[in-house]
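Remarks on the structure that follows.
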Amino acid sequence: MTPIMSKSEAARHVASARVRRGLSWARIAAEIDAPLVWTTAALLGQHPMTREQAERVCDFLDLDAAVAESLQLQPTRGADPAVLSDPTIYRFAEALSVYGPALKELVHDEFGDGIMSAINFRVDFARRPDPDGDRVVITFDGKFLDYRW
Amino acid sequence: MTPIMSKSEAARHVASARVRRGLSWARIAAEIDAPLVWTTAALLGQHPMTREQAERVCDFLDLDAAVAESLQLQPTRGADPAVLSDPTIYRFAEALSVYGPALKELVHDEFGDGIMSAINFRVDFARRPDPDGDRVVITFDGKFLDYRW
Amino acid sequence: MTPIMSKSEAARHVASARVRRGLSWARIAAEIDAPLVWTTAALLGQHPMTREQAERVCDFLDLDAAVAESLQLQPTRGADPAVLSDPTIYRFAEALSVYGPALKELVHDEFGDGIMSAINFRVDFARRPDPDGDRVVITFDGKFLDYRW
Amino acid sequence: MTPIMSKSEAARHVASARVRRGLSWARIAAEIDAPLVWTTAALLGQHPMTREQAERVCDFLDLDAAVAESLQLQPTRGADPAVLSDPTIYRFAEALSVYGPALKELVHDEFGDGIMSAINFRVDFARRPDPDGDRVVITFDGKFLDYRW
Amino acid sequence: MTPIMSKSEAARHVASARVRRGLSWARIAAEIDAPLVWTTAALLGQHPMTREQAERVCDFLDLDAAVAESLQLQPTRGADPAVLSDPTIYRFAEALSVYGPALKELVHDEFGDGIMSAINFRVDFARRPDPDGDRVVITFDGKFLDYRW
Amino acid sequence: MTPIMSKSEAARHVASARVRRGLSWARIAAEIDAPLVWTTAALLGQHPMTREQAERVCDFLDLDAAVAESLQLQPTRGADPAVLSDPTIYRFAEALSVYGPALKELVHDEFGDGIMSAINFRVDFARRPDPDGDRVVITFDGKFLDYRW
Amino acid sequence: MTPIMSKSEAARHVASARVRRGLSWARIAAEIDAPLVWTTAALLGQHPMTREQAERVCDFLDLDAAVAESLQLQPTRGADPAVLSDPTIYRFAEALSVYGPALKELVHDEFGDGIMSAINFRVDFARRPDPDGDRVVITFDGKFLDYRW
Amino acid sequence: MTPIMSKSEAARHVASARVRRGLSWARIAAEIDAPLVWTTAALLGQHPMTREQAERVCDFLDLDAAVAESLQLQPTRGADPAVLSDPTIYRFAEALSVYGPALKELVHDEFGDGIMSAINFRVDFARRPDPDGDRVVITFDGKFLDYRW
Amino acid sequence: MTPIMSKSEAARHVASARVRRGLSWARIAAEIDAPLVWTTAALLGQHPMTREQAERVCDFLDLDAAVAESLQLQPTRGADPAVLSDPTIYRFAEALSVYGPALKELVHDEFGDGIMSAINFRVDFARRPDPDGDRVVITFDGKFLDYRW
Amino acid sequence: MTPIMSKSEAARHVASARVRRGLSWARIAAEIDAPLVWTTAALLGQHPMTREQAERVCDFLDLDAAVAESLQLQPTRGADPAVLSDPTIYRFAEALSVYGPALKELVHDEFGDGIMSAINFRVDFARRPDPDGDRVVITFDGKFLDYRW
């Protein structure tokens, strides 16, 4: 009667194994042939993996079957609010505070009354070389959903 | 001894004039030849405009000089937290809650210890046609800054 | 240079006129031939009305054109959190606190990983006679959206 | 002098056994012949079960008697507020924020001064096929209680 | 197009007139032949009055018809949380913090799984002479409602 | 050097033993010849018991001496705020939010400037039969204390 | 139908008149022959004054009768929490955070289970000369109240 | 590589030993010849003790050397906010809410612009016999510090 | 009976006059021969000015005597917490979150148990040219105060 | 499959070893030839160390390799908000509340629209002898970043 390992415990095992092996997230994503941001989020506990994906990750990182079982669970999504004050994450929150109302205006101006879906949605991450210092480029790409009664 | 109009009051005048004239934000941005998201944010009070930009906007929208004076002020930036629960804005906050820790991992993996700047930074907004429903595409593009003592 | 009336001010005018004329919300919804909950929410400031709807409501309630102008504005949605502690509204919040996690389980069990849309969504309100005391019956009906990358 | 297992620990055992056996909540509810949402909520710790219900569930899922003892306890009800930001649950909270004040108006308009009970109350969950995408249909059905001194 | 006076403004007029005339709340309750706590709460904006009650109060206190109109409105109930730290009110909150869980235990022990209604409910206030100092005696009297699906 | 058991741990042992033996709180209060609400609150950790009371309770419920030692400790009083959202407890908080300011008015009207003590104070709990459904009757009875410099 | 001036508005008039006349609070307290801290608190809106006290203060400071009327009102007590972060006030809050639990221990050790009353209570303020720098000496003096059922 | 015992764990050992031996805080303070409030606060983890003080306390209470080691650590000061709602401690917070702004006025009136130090500071605790009930007398005595650039 | 202008209103007049005249804060500080950060903070309402300083500023900026009267008032200090999320100010808060515990360690290591005073304290602001981009250099310089009973 | 030790656990081991050996932070910083504030912050978990730095610290303090492994991890930065109320740390927060808006004004006045970087940033700590009492001198030195689209 041992309950399934929690997703946060599984994430801690994945993170430890990744650091000890010196692997990038991109290397792991390539191993399971899945998008980079999706894979990273899933291994941190924000998306359920298929059995095949979970087992391939655990084989690759030499982790127990208990971790693979946990990675397949349906998650309760969302970050601990305390984490949002880490400077690397906070800059996204600051950008939202400065540009959020402008983006709302532009969504309505271009599409009408509705939202950008965060479910039918993907996020891409890239590095763009720049002579003044390379840049982090993150793209949010979500289906427009109009208010429809 | 009349103090300068607050930027929120100025934003309300701009918004009213825009709606009454039936103008898009893109049309106004074109008028002052400035980027779309930047212009929208500036007119909502998040960036100072140059005197020339402010006066051209007020001419175009037939607004008083008091509005133009206010648009040039240095702002105190940030949105009212209550606004962040509007569904159109909230989806960005939700995406940050789900993907923020993953983006932090990827920034460190690709660039090392540091952040994406929210100051040397631009945001672009686009509509991408898609047979399954058009998509909102938003790009955050910020210079990487490494922790440097 | 008079800015457009805020939607909360417009809602206050609508509410006063409705009470003084002794009209039900259902009567007003019938007048503009729109769904009951939608109409009530729109007049409280949560949905934009078409010009025709706004003008018909203002004619019917003998309200100024300034109210009709305001009713057509794109809203910033969401209730003041203080209002959620009113006992009539709080019972919905309590039900969500007691049954929310169960509903999440059932959405996933029946549909897989995804959500009930709150945008492609309708709410119906009905009274059901019952010998032990009539009942309030509220139906949430939203399109299922699966997490799709 | 071993104290009774907490309801959250019991819920974790139930959830683990359910996933490992690949059973739906509907299958478990059928086993104890109880309503679907009620059963799910009870097994998550929000309602006390009768001894017979608790023992049947534990037999069915092959769980210890300690779980059955816990399932019969009187609960302290309510979800951890952090859980309410999971996207699948959050959409209900968003709907309440957008439509709550309208529903209050309609309760008063139709029934007078009072509330929908959240105690003499049931919740139903259904899937409604729809060519544009199946829909989640959730019904709140509570007795009207008028303010009565 | 003057909107109806808010209930907090009406309450302020009632309170001022009461103090200036040197009247007790009991005297006003007697005037409209209604229970003491109910009348006080209603005049502070927590219950709607009938037209007859509202007009009698305004006649008695020599207040405008605008106040009487406001007193009949359906209220949004609940006190400003800041008010709950006033020492006279805080002692009730403290008693609830110390005895609330015990009262929950006793409700369940005596009645089973359910609640004391706060809607089918009355509150009485009395002074009980006592040689060691008179006592404030407040009685909460609510119908028991059992969880009934 | 084993520290004394915490009062919350002691309360958990008392609660478990009470449920397993099928005893009411009233039966335990009778056993130690103390008031019902006081006894329940004390066993939940809100009042210190005398050595005699603590030992009698532990004899009666067959609990270890470590529990009796803990029950005699001076408590830090107050409920976990999360518990106050349990529906059975919340109705008391709601009543306080609706009637608290009215009770303050009546205390001042009848007694002058001061408070109802929550220290020289008792709470009684009773069931009152009623053909329309039995009622929960809770009486707060506290000494009036006037502001005295 | 002009309502009574609020106590915060009255306090603002008192403060302005005091500063303009260059009077100390001690001088005003002497004028009405009342304790220093009590008088200051009462004029800031935390205690009701008698008619005689209120009128003498307003005569002395040449303030309108509307101020005197307000000073006699029963207050809703308590400071705006924002004010508690002013450095001069914050040091008291800091002392409470550091020494509060110790003072609780000592109250119980010396007096038994109970509290220091904040109602039958006085506060004194003094300056004590000291060669290392004069000292602020504040004395809280409250009747002990034992928990008495 | 066993880390040093935390100060809260050390405080729990001190408190348990004190209660079991039936010793007052005054008796312990006398044993180490230190002020009463200081000693109590230090043993609760708010001040570092010297090695000699810590060892004498642990000898006297028969506690392990690990406790003495912990008592000498530099603390992170401040009480858990939840503790501040215990009624015995809360009365101090209430007094601060009622009298804090008045004390600020008096500090400025008597001393000018500055604060009472909470560092060069002592607190004394005394019982004052009184025929109407003995009184708790607490004195805050801190050096005045003027704003000095 | 016109009360004194609030310090926030005075600050708004100063800010408007400064911008309209195109003056730097350094120019104003030079005019009254006071330190730069102190002068800026005082004009924003955080320090009282002497009569001479206040009058010189108002002469220089051509502001009414009412502003000069307000600038001399004793302030209630502290910024609106909302302002702390402006990016330019937030970086200081972030530095405190990252380095605050380290600075505490170093204060204790170098000076013993105590604090850096924020009262006997000055802040300096400078620009330091740097070929990689000029730097903002801010110095906090406060007297060490040791815990002294 | 043992996960890597958390940085807070590693910090606790470092702190214990430092105290037991009687070493200053400056002595440890000298050992690894790194800046003082940086080293202290890194050992408290706010910066990643290189392998060489981590191993030298652990050799010097005789700590296990598990601590050295943890010290090299990428941190999630930020202090527990509860720690910010410790008096030694709070004075920095208070200074920020009093002077933050002034520093923002001066940054804009001297540099234009932008911020002081908290990433390309260093903090220095020094003791300055002073006949009136030695002083804590802390310097924040960050690159100016202008808003650049």
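Think of it as A, B, C, D, E, F, G, H, I and J in the order they're written, each chain with its own count starting at 1.
The criterion applied here is as follows: a contact is a pair of C-beta atoms (placed from the backbone, for glycine too) under 8 Å apart; a residue touches a chain by one contact, two chains touch by 3 or more.
Nothing here was measured: the structure is a model prediction, and the numbers come from that model.
Peer 1: Applying the touch definition from the top, give me the chains sitting in contact with each of subunit F and subunit H.
Peer 2: E, G
Peer 1: If you tally the C-beta contacts for H-J and for B-J, which one comes out higher?
Peer 2: B-J
Peer 1: Do the two copies subunit E and subunit F share over half of their interface residue numbers, or under half; same or different?
Peer 2: same
Peer 1: With residue numbers as the basis of comparison, which of the pairs F-H, E-F or H-J duplicates the interface of A-B in over half of its contact pairs?
Peer 2: Of the listed pairs F-H, E-F or H-J, the one copying the A-B interface is E-F.
Peer 1: Subunit A and subunit E are the same sequence; what rotation (0 to 180°, nearest 5) superposes their CA atoms?
Peer 2: 180
Peer 1: With chain centres defined as C-alpha means, what is the inter-centre distance between subunit B and subunit F in Å?
Peer 2: 54
Peer 1: With centres defined as the mean C-alpha position, give me the subunit B-subunit H separation in Å.
Peer 2: 51
Peer 1: Quick one: report the Å distance separating subunit C from subunit E, using the average Cα coordinate of each chain.
Peer 2: Distance between chain centres: 29 Å.
Peer 1: Could you give the separation in Å between the centres of subunit B and subunit E, each centre being the mean of its C-alpha atoms?
Peer 2: Centre-to-centre distance between subunit B and subunit E: 47 Å.
Peer 1: Any chance you could list the residues of subunit E touching two or more other chains?
Peer 2: 76-78, 83, 85-88, 94, 97-98, 104, 108, 114-115, 117-121, 145
Peer 1: All pairs of touching chains?
Peer 2: The set of touching chain pairs is A-B, A-C, A-D, A-I, A-J, B-C, B-D, B-I, B-J, C-D, C-E, C-F, D-E, D-F, E-F, E-G, E-H, F-G, F-H, G-H, G-I, G-J, H-I, H-J, I-J.
Peer 1: Quick one: in the complex, what on subunit I touches subunit H?
Peer 2: 35, 38, 47-48, 74, 76, 104, 108, 113-115, 117, 119-122, 145-149
Peer 1: Flag every residue of subunit F that touches subunit E in the complex, lowest number first.
Peer 2: 24-26, 36-37, 40-41, 44, 46, 77-79, 83-84, 86-89, 91-111, 114-118, 120-121, 123, 125, 127-128, 130, 132-145
Peer 1: Using the touch definition from the top, list the residues of subunit D that touch subunit B in their complex.
Peer 2: On the subunit D side, the touching residues are 85, 87, 90, 94, 97-98.
Peer 1: Could you pull out which subunit E residues touch subunit G in their complex?
Peer 2: Those residues of subunit E that touch subunit G are 12-13, 15-16, 19-20, 63-64, 67, 82-83, 85-88.
Peer 1: What does subunit C use to touch subunit B in their complex?
Peer 2: By the definition above, subunit C touches subunit B via 1-4, 73, 76-78, 80, 118-119.
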